[in-house]
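Shared chain: chain A. Partners: chain B in the first complex, chain C in the second.
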Partner chain A sequence: MAEVSRRPPLLSILIALAGAAFFLVPLIATFNFSLRMTRGELSFAAYRSVFESDTFLSVLGFSTVASLMAIALGALIVVPTAYWVRLRLPHMRPLIEFLSLMPLIIPPVVLVFGYVRLYGTSSILPLTMTETGTNILLVIGYVVLSVPYMYRAVDNGMAAIDIATLTEAAESLGASRPRTIAFVIFPNIRSAIVSGAFLTFSISLGEFVITSLLNRPAFGPYLVQMGQDYAYQPAALAIMAFAFTWVCMVLMELFATRRPGQRLLQWRAPRTVEKAKS
Partner chain B sequence: MTQIAPSFGSTDSSGSALPKDTTAPRRALRLNWSWLGLLPFLLFALMFLILPVLYLVNGAFQTPDGSYSLETMLSLSAPEIAGSYGLSIKLSFASAAMGTVFGLALGYALLLGGLPGWVRRAFMTFSGVASNFAGVPLAFAFIATLGRLGLVTLVLRDVLGINIYAAGFTLFSFWGLALTYLYFQLPLMVLMITPALEGLRPEWREAAESLGASRMQYLTRVALPLLAPSVLGCFLLLFANAFGTLATIYALTSANFPVVPIVLFQQIRGNVLYNPNLGYALAVGMILIMGLSNTLYFILRRRAERWQK
Partner chain C sequence: MSFLTLSGINKSFGANTVVRDFDLAVEPGEFVSFLGPSGCGKTTVLRMIAGFETPSGGTIRVGGADVTALPASRRKIGMVFQAYALFPNMSVRDNVAFGLRIAGMTRAQIDARVAEMLDLIALGHLADRYPYQLSGGQQQRVALARALAPRPNLLLLDEPLSALDAQIRTSLRDDIRRIQRELGITTVFVTHDQEEALSISDRVVVMYKGRADQIGTPAQIYNHPTTRFVAGFVGKLNTFDARVAGADSLAFGGQEFSGLRRAGLNAGVPLTVALRPEALSLHRRPGDELSLPGRVQHSSFLGSVIRAQVEVAGQSVSIDMFNRADAKLPVAGAPTEVWFTRDDVLVLPEVSP
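Take a look at the complex of A and B:
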């Protein structure tokens, strides 16, 4: 037995090849399809057509701004909370963690259903009556969707630094609580926040359900419309979306494993690698 | 983590030697104040998570004229609605089962199959991306691959002479959708089952082998029972993941496939059920199924963690 398992057994190789085929064939096929817009030759015409459309740029702009606002609001809500739970209220952790995971249990379509009813025309806080109000509700929806990931990223970041000592040091130098959070804790967990931010960005940029039911001129509904109207542009958009997701995930990973004070592309010191393993 | 406790003010730092009850009142007083620090988060969760859900739950137990009754929830069993739930459950079950089986096989091959490290790293990175590649773009990718004019469809027809559409397959059917879901379910399974597979200690295999067990006996009598809670837990999470999926199916079928999220989406758009309260009941039914599978997942994960140190 032991001698056989030295070289990879045939079965493992076959499974890995089948897995690779399942993962790669759709991508290759989609890429190939996206190049066929001009009859008889392979070209980037579909991509050009996407980039040249004004709608594409306007919806992308709208979604980017909404996503960035969701990241900012999410960090503003999550960072002080995670800090406070770790520092002062560790026994509240189960409740806060449960609340932060709840968006994974409530499907977005249910969430937005509650929003349009609770904050609709005849409510105390009729957010959907005005355009600004609806945009605020959209950003809030994105924040809710991202809280499970943002909270985890920030909490992991705080686990890596000694916030109790940092807080005591800041207080003994006369810093107020908000000042401690803004100028001591925040810079130390910047990587963790950025890591969570990239995941938030990849979730909210192409989000469809909440966006569509709030009737916002954003990227998700635009994608669906493109799918109904065109043949080759959707394939080009799918390839771009995949590349975009890839970039977000790589950056997320990069920032999540980065220690405070470490440069972005620096090789991790062996000691921290061992520490991370144990 | 518990070292946070001594940080209750610098003057208290020597207080750890004191008997607990003398510090108790002071601590309670401070805690009352500390609550305020969580207020922004709790308020946010209340307004945009709890109250919206409660609003729907409240509506689900009323009739359109506003009186409380179980009638609305019971009308979920009407043939059309029950059919939607059945379809949703079947689709989620099929895609989760395929994801679990194939993901487990792939994970086992990658982590314990003796493949070189770069293969494992490549698959893990790709899985991280693919598990997040859902929604509308995924639908586009599969239309370009297995749609009527998709590349794979054409290659199968022109090169191998297999016309899958003539044979009855369409991407916009049950199995076409399940296959599309598999594109994010499979990598998610690989990522989630990795800790459990890494927790299978070599000593256990060696012990089994030294007692004369064959590889098959080790797998079926030791490895699988150990993995069972994790595998079942992952299955439930994949199930919930598929159950809540809307955008992919909407873009693939132009909302013509009546799973529960699609029906709810149409109901919010234009009250297609002609009963607003039935919409609330539909949403509550979704929450119940999602909540149930997630709760079972957490229970099983706790069980599984017993074996991972």
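Take a look at the complex of A and C:
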């Protein structure tokens, strides 16, 4: 028995290394490739070329605006729904949770064809006939895709603070429902909403299927087009998109783990918050 | 004139009636506890007083005004919850100030009142802490200060001690009673812990299956339970099936005893007779008049108390005797007599199940 415990977990290490290699090798290879646009030297020429393109900036701007609108709309739908379900319809939670998972089950291509059929030329609400209408459909599509993540983030945030009792505590102190939501509920789930927002942002920014089939000039289809037309720039774009997603994740982690009374970057501003015993 | 009056309160959730025909009048400054097992409806009654549930029938009056249809936010009733329910995003100071801000008080008024409340709970030095930096007992004291800060008409405590460990529970219980007396605030306290209810209250309402089974002072509830449920729930109890034997005699435990109270029942009527473990002794004490023969099953030494199990008329009876330096543990298997007085015999109307 003692011999077994003394042996290093060789198999575990090998599996971890294989797993890491599976992710890291393509990433390193792509990064390396993206630096070789100028023959014979390593340079950021591909990145420069991407940033110099007007199309890049315009599609990135379009996608950013569409994603931000999806975040706002998603939060407006999900936060009151999750609050109300937890407060008044707790028996509906399994159903709502199931519904929130539907976008993961139904492929986006089915969703977008449904939209095109429902809101197409012969519809009473022909959204696809105008540019604004199509943009609205795009944002709605992004909202639908992000609902599983947004709902889960917000619902978990609410689970962590016992929304029902806090609401009752605020009401017994004289607060109306709107004041309760504004001063008690919202500040306590802000980090959950921010997490949901970052997830929504990273999903919708690079989204391809819905964007492409609605023919919108956004980042996802641009990335695919670049992949067909060029060699080095797509690699640079992939690396940038990857870095961007990671920045989103780090920000999410920072917001999600922050406690009240702490600064966002607390290691820069050390405060003596411990020594609770007195 | 009572301050809080509940008349004919009923509450059903669908087909499930959880509170039926509940009447209660609480005097100003009185401390009343609702005591009962889980599911007896005590918390539901409290939540109806607070305004978190609407009664299916009946009226609730506070200070003479009918509040039955008033939303919780306009009742001016302070509430303390089992789970503390402090606002996690606010410091201790801001938690206590919350109700005062809502009431629209000036900053100076708020600061003065918050300081006063933090003094009352002796936590002034923790004013800038956040709830997650406090222990459970400290959090519950802040919750108490927060509930009392806006000078509510009524204070409701929903099992406020249940989440705390034993030592803190006792000290916070004493704090609650002290503060309640100092402020003279009418208080309703919900608990499933009989020791808590008996030690802290002016009156206790023992609830069972949605009804008030008995309402009385702690001593009345313990010494003179009027139903079998109250007798069994409050304190430990040995019960015997009994029947009326004659004009003033009852038969139980294989013997007939005369001179016992029984409310004018005919001979042969089945009853339940109950004896508290501390009313019984294996040694005849001054005043002990009655006894039943038995055999010691086992005994245990609990420090201040010696607890014996004795088989009497085919059933096991619990006996608690004060420990003395010269006391010997009863020996298992030894025949013995179980002594008690006529006054110790509780005669209860219902037959034991």
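Note that the second predicted complex is superposed on the first by the 235 of 278 C-alpha atoms of A that agree within 3 Å, B and C clash if a C-alpha of one lies under 4 Å from a C-alpha of the other, contacts with A are read in each partner's own complex, and residues count from 1 in each chain.
As a convention for this text, a residue touches a chain if its C-beta (ideal position, glycine included) is under 8 Å from a C-beta of that chain, and two chains touch if they have at least 3 such contacts.
Note that the structure is predicted; figures quoted are calculated from it, not measured.
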Could you say whether A:Gly220 touches chain B, chain C, both of them, or neither, answering first, second, both or neither? first
So, does A:Ala238 touch the first partner chain B, the second partner chain C, both, or neither? first
Just chain B (first), just chain C (second), both, or neither: which does A:Glu168 touch? both
Is A:Pro178 in contact with chain B, with chain C, with both, or with neither (first, second, both, neither)? neither
According to the contact criterion defined above, which of chain B and chain C contacts more residues of chain A? B
Of the partners chain B and chain C, which touch A:Thr81 in the superposed model: first, second, both, neither? first
With the two structures laid over each other on chain A, which partner does A:Asn188 touch: chain B (first), chain C (second), both, or neither? second
Between chain B (first) and chain C (second), which does A:Gly40 come into contact with in this model arrangement: first, second, both, or neither? neither
Is A:Leu111 contacted by the first partner chain B, the second partner chain C, both or neither? first
Residue overlap on chain A between the chain B interface and the chain C interface 168, 171-172
Which positions of chain A touch chain C when the two form their complex? 161-162, 165-166, 168-176, 179, 183-184, 187-188, 259-261, 273-274, 276-278
With touch defined as at the start, can you tell me which chain C residues reach chain A in the complex? 50-52, 71-79, 81, 83, 85-91, 98-99, 102-103, 125-126, 129-130, 132-135, 143, 146-147, 150, 156
Considering the complex alone, what residue numbers of chain B touch chain A? 1-7, 10, 31, 34-35, 37-38, 40-42, 44-45, 48-49, 51-53, 55-56, 59, 102, 105-106, 108-110, 113-116, 119, 123, 125-126, 128-130, 132-133, 135-146, 149-152, 182-183, 186-187, 209, 215, 240, 243-244, 246-247, 250-251, 254, 261, 264-265, 268-269, 279-280, 283, 286-287, 290-291, 294
Footprint of chain B on chain A - complex, ascending: 1, 5-9, 11-13, 15-16, 19-20, 22-23, 25-30, 32-34, 77-78, 80-81, 84-90, 92, 96, 99, 102-118, 140-141, 143-144, 159, 163-164, 167-168, 171-172, 199, 202-203, 206-209, 213, 220, 223-224, 227-228, 231, 234-235, 237-238, 241-242, 245-246, 248-250, 253
